[in-house]
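Sharing a structure below in structure tokens format, with a few things to ask.
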Amino acid sequence: MPILEILDYAGVAVFAATGALSASRKQLDIIGHLFLASVTGIGGGTMRDVVLGATPVFWVTNPTYLLVCATVAVILFFTAHLFDSRYRVLVWLDAIGLAAYCVMGAAKGFAATGSAGVALVTGMLTATFGGILRDLLAGEPSVLLRPEVYVTAALIGAGAFVLATMAGLPLAAASTLGVLSAFVVRGGALKYGWTLPTGKALPGRDPDDVM
Amino acid sequence: MPILEILDYAGVAVFAATGALSASRKQLDIIGHLFLASVTGIGGGTMRDVVLGATPVFWVTNPTYLLVCATVAVILFFTAHLFDSRYRVLVWLDAIGLAAYCVMGAAKGFAATGSAGVALVTGMLTATFGGILRDLLAGEPSVLLRPEVYVTAALIGAGAFVLATMAGLPLAAASTLGVLSAFVVRGGALKYGWTLPTGKALPGRDPDDVM
Amino acid sequence: MPILEILDYAGVAVFAATGALSASRKQLDIIGHLFLASVTGIGGGTMRDVVLGATPVFWVTNPTYLLVCATVAVILFFTAHLFDSRYRVLVWLDAIGLAAYCVMGAAKGFAATGSAGVALVTGMLTATFGGILRDLLAGEPSVLLRPEVYVTAALIGAGAFVLATMAGLPLAAASTLGVLSAFVVRGGALKYGWTLPTGKALPGRDPDDVM
């Protein structure tokens, strides 16, 4: 199986797992697990295919991806209570999914357009969109608004892949470099609380006070 | 008019009505009614057409659907205060829309791909996406997180339609079977509080306590 | 540069600015600014292109739009604290973006289909979708639920453009008329608190009390 396909299945499977864990935290039934697992697992890649015009999207062309989501959801429905902290498992799996998907998204965007800028954005969108949907639908605090670097990690992974590809590295090496870069940055942020400076900005006031 | 077209107009009209009722609950103006009615009415089918690559989407090809949404919104803007409980009307109309749209979505996905798995997912997405958008935009508690079966009903309706079609039943019979299955399940859930078991999972703790 | 292209860049730039200001209110880092600026700047136009089937979407075909978003985000990351009220700047820029984008969306929808109804809806969606995404992602109170006219202004701008085009006015005149109509209505609503009547509807009760 080629490296990009492995990354695609890995991204779908681990994002599906984070969706199922989120459903478990909300005490949803098995169908709620299937739903959130599917939306999270295929959401980012669907967004990527839609903006690139690569429709029908990947899971319509190859429904195996749906089977992956469903299998992950069923397994976690029966086992999620065994974890000491589902949220901790969720964010680490999310880090793996982010790393796999930012490279996969960048690769597909770069192949379709040859533009580094488009590849960065499709990498970032593919990696973050599933998790954003999951948090919105489950009513969790959005991972976007947490202080640790998140979108940054996706952007670094996509950037490393694009630079390595433009420098002439073979696909497998560029992909591995991209995945590792993103995972190290996101993992470091989770473990050591890495943050970027936030500028001089004050917190926002209530709209009604300033209008 | 063929059965699938009837289901499509019915799905659009009743989902548009739930959007307008939601706008009424939020005391929005007439344009707010038009907006939420349109987004809810055409949101699910738009999502379906986009992932299947059937673009321009259905309401661009045939703007009559927009006229249906607008008419429903205007009528409800002037009459919504007459209902004793708009929320009760909203969830029952939503049940009808769910039943019509899960079959319509499954039919379009099955016709486009021949895959039962894809048909289940497009049925489920078409039936639920409009309502999810409505609840997100109006800031209502998402119907997804309520305990009664909801996505389940859409999945059962789509499944019944696909099984009946694969068994060789004519389109009208398979559609009727699918619509009735979904409506009975969702209606029973509303009336008798049917739920599925939620496994052994405990509720989620606050992210800041477990990281 | 033709008028529609100017409107497109203007819409992207000012919506990107509102996204960056929203990121600043939430004290996000520079990547958070880039992310929210991009999503807000290109969100509405992406939605427009997707429903019209005009894929790959505009910023994949022409990545200059991404550069505009990134430039705006970086500038505002370093300067947002200089404004006395970022929210006030945000809503006024949002008004300019709304005015530019409702005409741009209506023009593209009208050119693709010749239907005035479709043009109204693509104008409205293009103008409002970026801001809706921004508010959802940043957890701000949605501009949709505020009492001042908002969607209404987009609809009036799109309608003025379509009527003027159907009456035979040249593109530049019709565009200017549409932009001014939308901006005057939205600006008047912001400055003088213009609202539309909300009918006789009472506020919604809690779902658990009425089911």
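Order as written gives the chain letters A, B and C; numbering starts at 1 within each chain.
The definition used in the following text is that a contact is a pair of C-beta atoms (placed from the backbone, for glycine too) under 8 Å apart; a residue touches a chain by one contact, two chains touch by 3 or more.
Predicted, not measured: the structure shown is a model, and the values here were computed from it.
Undergrad: Work out which chains are contact partners of both subunit A and subunit B.
TA: Correct list: C.
Undergrad: In steps of 5 degrees, what rotation angle do you get fitting subunit B onto subunit C on the CA atoms?
TA: Rotation angle between the two copies comes out at 120 degrees.
Undergrad: Averaging only over C-alpha atoms, locate the centres of subunit A and subunit C and give their separation in whole Å.
TA: Whole-Å distance between the two chain centres: 27.
Undergrad: Which positions in subunit B touch two or more other chains at once?
TA: Each of 50, 55, 136 in subunit B touches at least two other chains.
Undergrad: List the residues on subunit C that touch subunit B in their complex, please.
TA: 50-53, 55, 109, 112-113, 115, 117-118, 120-122, 124, 128, 132, 136, 142, 144-145, 147, 149, 151-152, 155, 195-205, 207, 210-211
Undergrad: Going by the contact rule at the top, pick out the subunit B residues touching subunit C in the complex.
TA: Going through subunit B, the ones touching subunit C are 22, 24-32, 34-35, 38, 46, 50, 55-57, 59-60, 63, 66-67, 77-78, 80-81, 85-88, 91, 136-141, 146, 190.
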